[in-house]
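Here come two complexes built around chain A, the first alongside chain B, the second alongside chain C.
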Partner chain A sequence: PWRKLLWIKQDYPDDHVDDTFLDELQKNVNVRAYDYWTVVMESTVISQHISSIVIFIAVFIDLFWGRLSAQNLIISGTVLTIIGYIFWDKSISKTDPAYEYKRWKTAKGAVLFFVTLLGLSPILKTLTKDTSSDTIWALTVILFLANMLFHDYGSENRTNIKFPGSLSTNAAIFASVLLASRLEVNSHVFGLMLFAVEWFALFPIFRRYTKSLSAKFNVALTCILFILATTLFLYISNVIAIIYVLGIIFITFACPYWLIWIQKYKNEIHGPWDEARPKLQPPNE
Partner chain B sequence: MRKIVNTRVRSSGEQRIQINYMDLILNQINSSFETEKAIIARCQAFTTRRNRRSKSVSEAVKESAVGIGLFLKKSFFYPINYLTPMIKSTLSQPMIILLMFVRMFAEVILRILNLRFPPWLFNGTALKDLSATSQQIDLRLQQASYWPWQYMLLRIRDWTNTATTRAQYISFYNSMWLVANDIIIGVTIGSFLINNSEYVANILLKDLDHYTIENLVSMIEWLMGWPAGLKLNSELDKFLGELFLWSIDLWKDCVTTIGPFIPEILRIIGLSGTLGGSMVLSLLSDFLSFMTLHIYIFYMVAAKIFNWQLTILYSLFNLFQGKKWNTLRNRIDSCDYDLDQLLLGTILFTLLTFLFPTVAVYYATFATSRVAVIFLKAFMETLLAFLNHFPLFAIMLRFKDPERLPGGLRFEICDPDYFSSYGIARVVRGIKSIWPRANRSIILPLKNASNINVDGLSSKSSDSTVDESDHIIRLRKSRMTTVVNEKNISSSFAYSTSHIAQTKLVSINPSTIPQSINSSTTPQSSYLFMQNLPIPLSAIFFQYLLLWKMLSSHYFSFYVLRCLVSGEAIKHISRLQYPMLPETRSNLMDFWLFLKISFTVQDE
Partner chain C sequence: MVSDFFYPNMGGVEGHLYQLSLMLTQRGHKVIIITHSYGNRTGVRYLTNGLKVYYVPHMVIYSEATLPTIYGFFPIFRNIVLRERINIVHGHQAFSSLCHEAILHARTMGMRVCFTDHSLFGFADASSILMNKVLKFTLSDIDHVICVSNTSKENTVLRAALTPQMVSVIPNAVVASQFKPDPSAQDKNFITIVVASRLVYRKGMDLLVAVIPRICKAEPKVRFIIGGDGPKRIDLEQMREKNLLHDRVEFLGPVMHHEVHSVLTKGHIFLNTSLTEAFCIGMVEAACCGLLVVSTKVGGVPEVLPRHMIIFSKPEEEDLVNAVLKAIKMIRLKEAVPTKFHDEIKEMYSWSNVAERTEKVYDKIWKLKTPPLMERLRRYYGCGIWAGKIFCIVMAVDYLFWRFLEWLFPTDEIDIAPAFPYQKYRKVINNMTVEMIFFFNS
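Coming up: the complex of A and B.
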């Protein structure tokens, strides 16, 4: 029989191609068959993020036009953050008992941050007074796009306190500073900044945590955000609201179907010529 | 000939240990010349006794004139010659003590001037670097303490080592002449200043006010309102502008209080002209830097803020991308920041980005004005350099007697039948030998050109040796028309000849001559013409080339550009004016010995 070895002399001619030549070729080994509804569940991450950006823009527009008062924003934001934090803290301390000492650190950090933001608001108010509005809007759009594209949409179960990716958070904060500098009153600036920090830095952690907690809660959260975004934008501009709704529907329902449909064109080849992947020993229990 | 050259070259390849065949030959030539001169002198005395021919009228007149002159000299100077030993013997002891005190005083001043500040104050500069006057005093005192040693060297008169003694002689008299020139120029300028101090003070005040104060004020006011259409952050703009305007108001008050004293100051500067024109120049330079002190302070403040802003912006930009500077590995690595660090960092980054153009514009204004002041000071320093180190003596020697500045030898192989032809052929040959013949003459360049560098002394530092000899060799290469390989020659030798006649015949053993020159089969001697070439003029000024190179490499380099762009302070180069003094001064013991020797020698 023909052997796939070059260093011995075999009876076959030099250009003999045997039938067993490509036996070790494996096609589409890593391809999984996706289930439609699972993919839909997973796509809620993306729609949640887009909704949060839309909600933030709606809040800014309302603040800009004076429909929303700064005090309401500050109070509601702070209350919601505290509720969320207590909820998260209770759940975490069940799994990680050594979490007690971190409470003091987080409280200290929060107070420090609060006070710094309060002090920086007057400077931020007049930061871009001389720049024209068009520049600001354009910059903001680019930065929010960066935030959306570079966000950490990891779908593994993670309960550790890993902040969501530096560049996306930084882009979002930069954009919110730009937007805040368009406002006229100090308290407005402070309110928007505080809300932005809570919304773009702390809320993703919460979202990721609830996703790993229970699927129903995740779906509920998605629906809440969707409804909130739609209602907020209905007062601002109908067109944008309709575009938003259509977009969310597209992402949630049409894209999973599309993904599954093009899976059949997948043509992946593996073989013994790939790089070796070391199999790590499981830890001895 | 080639073999001699080659043996020299091979041995000079290792560490400059040279078998001095050439030096031996030159010593032989010099000693034969001296003996020939001595013999001729003796013979002349001898022959005039023998061949006493009748004198012509002109000779008789000359003799009588010489005789009268000698008689006058003797009668006039006789009492002085009688008195001077007595004066000297009484005065020598006090003179020694006085000179010793002066020397100690000078040493003390030099020590004080060379003190260095601690690193946390003024960045560790020496005291003398702060002002041009102290540099000038330092230079003069160092020169003055070096003169006795030079004078001692001159008196040894060792003609086997004539290169160094020649150089010391020239540099000693050069510095003497320069100091005298300096004092003359200084007295002139000083008297002018003293007579017209009011007028000059008025003009000075008016100019300073116009250029340093009014211009600056109008510039800052322009910056405060959207200069050239640049949109600066108005709050910060107004704040900085008002800060600087207030400081300028304070400075104006200072200037008006000093104003009435300026004529007095100018008179004092004029008085110091007796110490030399260079002192006047350096005092004027110090006065100028004192009057522009406010520009210096503004520049330091603006540069600090700008530099600070730039570094913070850079590190915050890294934080924006999620990276950090890893000092252990000297590179940028990704980093896990805490959440609050990230948030605060981003907010500060936005803040600083929008405040950047304002600060940059203020920094640019003050940096340009500081650069203008530095240019002015550099101009004065170059004038000082001219006054201090101009090679007058060397230039005079070059024109009067070029052979006293040896700049290499030129060898020319003469025809084998040189001696066998007379009359016209010899004349023709003489005419032909005026311009160097291609393929026949060999020119040997200089080694250790600093040995005979005419403005300075033998360099004790070896790096300047290499530079200068390379420099001289580069000059020489353009005139190298030689059979011998250029590469061999460039590892160079020094041949300085003293008082050697125009051409000398050197006879060489025939076994060393290549066959092409030897035409006949029987061994004959071949003859070489050896000619002393004087130094080219550009080599005399090579000190200035060195100075210019040092200045331009320090001030026109990327270092300065980087400092200007990033807002760091530009460092001054020290020891700019002293490339030719030795590194260490002779101490007081040597001076004491020198005084004793010089005064006791005169007493004998």
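Coming up: the complex of A and C.
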């Protein structure tokens, strides 16, 4: 019988096609069937992030037009952050007993940061005095897009990411600096910057944590953010609010259905010709 | 024979082209090679046995592959093919754009075409998808395909959607006389493990970096010789620094083709850690020199050597370490006698056998009829929803261009090149050799 070897002289002609041809072909091994509601639940991460960007823009516009006072913003932002921190602390100390001493360090760091930002706000206010507003708006849009695209939406699989999560956070902070420099009063600049740091750096950690904690809380958070964003924008522009609502509905309900529908066109081929993935043991030291 | 890759570039494809052409010339066929110019080397050159090589001036874009202009190559190709009175065009290597263009033009001119593929491709990443589409285009209208291993045949059939009956499996070979074992070159005190390959990710350099310190720690009387160069050399040197293995690991840098034999004979074991390999001629050369081979079981590797010459392992660090330690033990206990391998390999792989099988392929395609234009258009049309139409347009323009060239440079105005008188040449050389032996003996 024909053997799949090259070093023996067989009686079969060179173009012989054996019955075992393409035996080792594996089709669609890695494809799994998605459940609609699971995908919808997973998509809440994306809608939460988009809502948070929209809320931030709404806050900026309100500050810019003087509808929101800086003190309200600072106080509410700080209070919410402290509540969130206490919540996080209680849960972390259950799992990690060595967390106790870090509290003092965190408090020190927070106060230091607060004071530094307070000192830097006059500089930030005049940062883009020579740049026209149009450039600022355009740059901000691009940066928020970058933030949205490169944000770390996954929760477990951190090793596959080619660009670091810091890219999105940096883009967001840069955008908020640009926006803050358009404001007139020092306290406004400080308020927006403080809010920006809390919103773009600390809030994603909180969101990621609640997602892993409980599904119901996650859905509740998504709904709260959605309602907040819609109401804030209704006072600014009806059109944007409607586009936003439609967009969120599309992402949450239509996109999962689309994804599941096109799975049937998936044609994945694996076989002995694939480049092997070397399995290395993790280094000991 | 058409390919981008030929002498003075050194490699598997180049060696294959050269040896096959020599053997075919010896069997009485007329072979010419068309490739692109290498630096100042343009025009017509003659190599051993009167092998005529046309170095066509063409722009090189990356790693000796030329810029695909599709129609730019046609006039000079037509001229060469007509003056040499070529019947069959044989293209090599999917990466070579010269090969794809030559096949298209040869088909337009009504000649027989054949293609040989030397590497394996995946299906998932962007470059593979593009490459496979181009291959599908070229192989829609071809007479026969040759692959170097059965795994390569399966891979090519899937990539280009061919009927498997159109693909032959003809393996590569080695020139056994160039790779004779030399026990005197081996070190008596140490067991030497030789690694000779391009130092790139594809050749499993990460595995090598992980495996060398562990083996050196487990076996004190083992040393490594690493020949070749590439981007991963830095990782290997870092590994050497970190583990203080300066006396155990030696780097030779890029090794010239004629030096490979001397490097191989220094060793007892040949280690190949590739992640994917269609045929791996390096292993056969090593076994021919009398080394025991340890290799990862990927691609076409399981088909190449018999069980007593090679030890397989999975592409995993743990398994590879075990395989190498087993090989070392076998060498120490003299369970394997690698010096006998040379005679066995001489029987298994020889270029004359490859040439004979290739000749059979040529005979087969010579009997086929060239399909009419409508049939060709139909074949190209089936390549895909958008691609089929684009390919048809490309092919139609090619046909019109050919008609135009036929009018501008008529066939009867092209001089026929005199063929190299191979038989007379051989007779003269033989007579000269006989005379010289006579002269020195008397």
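Everything that follows uses one rule, which is that the second predicted complex is superposed on the first by the 267 of 285 C-alpha atoms of A that agree within 3 Å, B and C clash if a C-alpha of one lies under 4 Å from a C-alpha of the other, contacts with A are read in each partner's own complex, and residues count from 1 in each chain.
Just so we're on the same page, a contact is a pair of C-beta atoms (placed from the backbone, for glycine too) under 8 Å apart; a residue touches a chain by one contact, two chains touch by 3 or more.
Please read all numbers here as calculations on a predicted model, not as lab measurements.
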Check your understanding: Would chain B and chain C fit next to each other on chain A once aligned, or clash?
Key -> fit
Exercise for review: Using the touch definition from the top, say if A:I242 reaches chain B (first), chain C (second), both or neither.
Suggested key: neither
Practice item. Would you check which partner chain A:V115 touches, where first means chain B only, second means chain C only, and both and neither mean what they say? Key: neither
Review point. Looking at the overlay, what does A:V197 touch: chain B (first), chain C (second), both, or neither?
Key: first
Exercise for review: Scan A:E275 for contacts with chain B and chain C and give back first, second, both or neither.
Suggested key: second
Point to revise | First, second, both or neither for A:V17, with chain B first and chain C second | key: second
Review point. Centred on chain A, what angle do chain B and chain C make, from Cα centres, as a multiple of 10°?
Key: 60
Practice item. Answer with first, second, both or neither: which of chain B and chain C does A:L5 touch in the superposed model? Key: second
Review point. Given the touch rule stated above, what does A:T169 touch, chain B (first), chain C (second), both, or neither?
Key: first
Exercise for review: Please state the minimum Cα-Cα separation between chain B and chain C in the superposed model, rounded to the nearest whole Å.
Suggested key: 10
Check your understanding: Tell me, which parts of chain C touch chain A in their complex?
Key -> 120-124, 144, 149-152, 154-155, 157-158, 164-171, 202, 204, 206-207, 210, 275-276, 279, 296, 298-300, 302-306, 314-318, 348-349, 357, 360-361
**Study point:** Complex contacts: residues of chain A adjacent to chain C
**Key:** 4-8, 13-15, 17, 21-22, 24-25, 268-269, 271-281
Revision key, fill the gap. Listed in rising order, the residues of chain B that touch chain A in the complex are 231-235, 319-322, 337, 339-340, 342-347, 349-351, 354-355
Check your understanding: For chain A, which residues count as touching chain B in their complex?
Key -> 109, 112-113, 116-117, 120, 123-124, 126-131, 163, 165-167, 169-170, 173-174, 177-178, 193, 197, 201
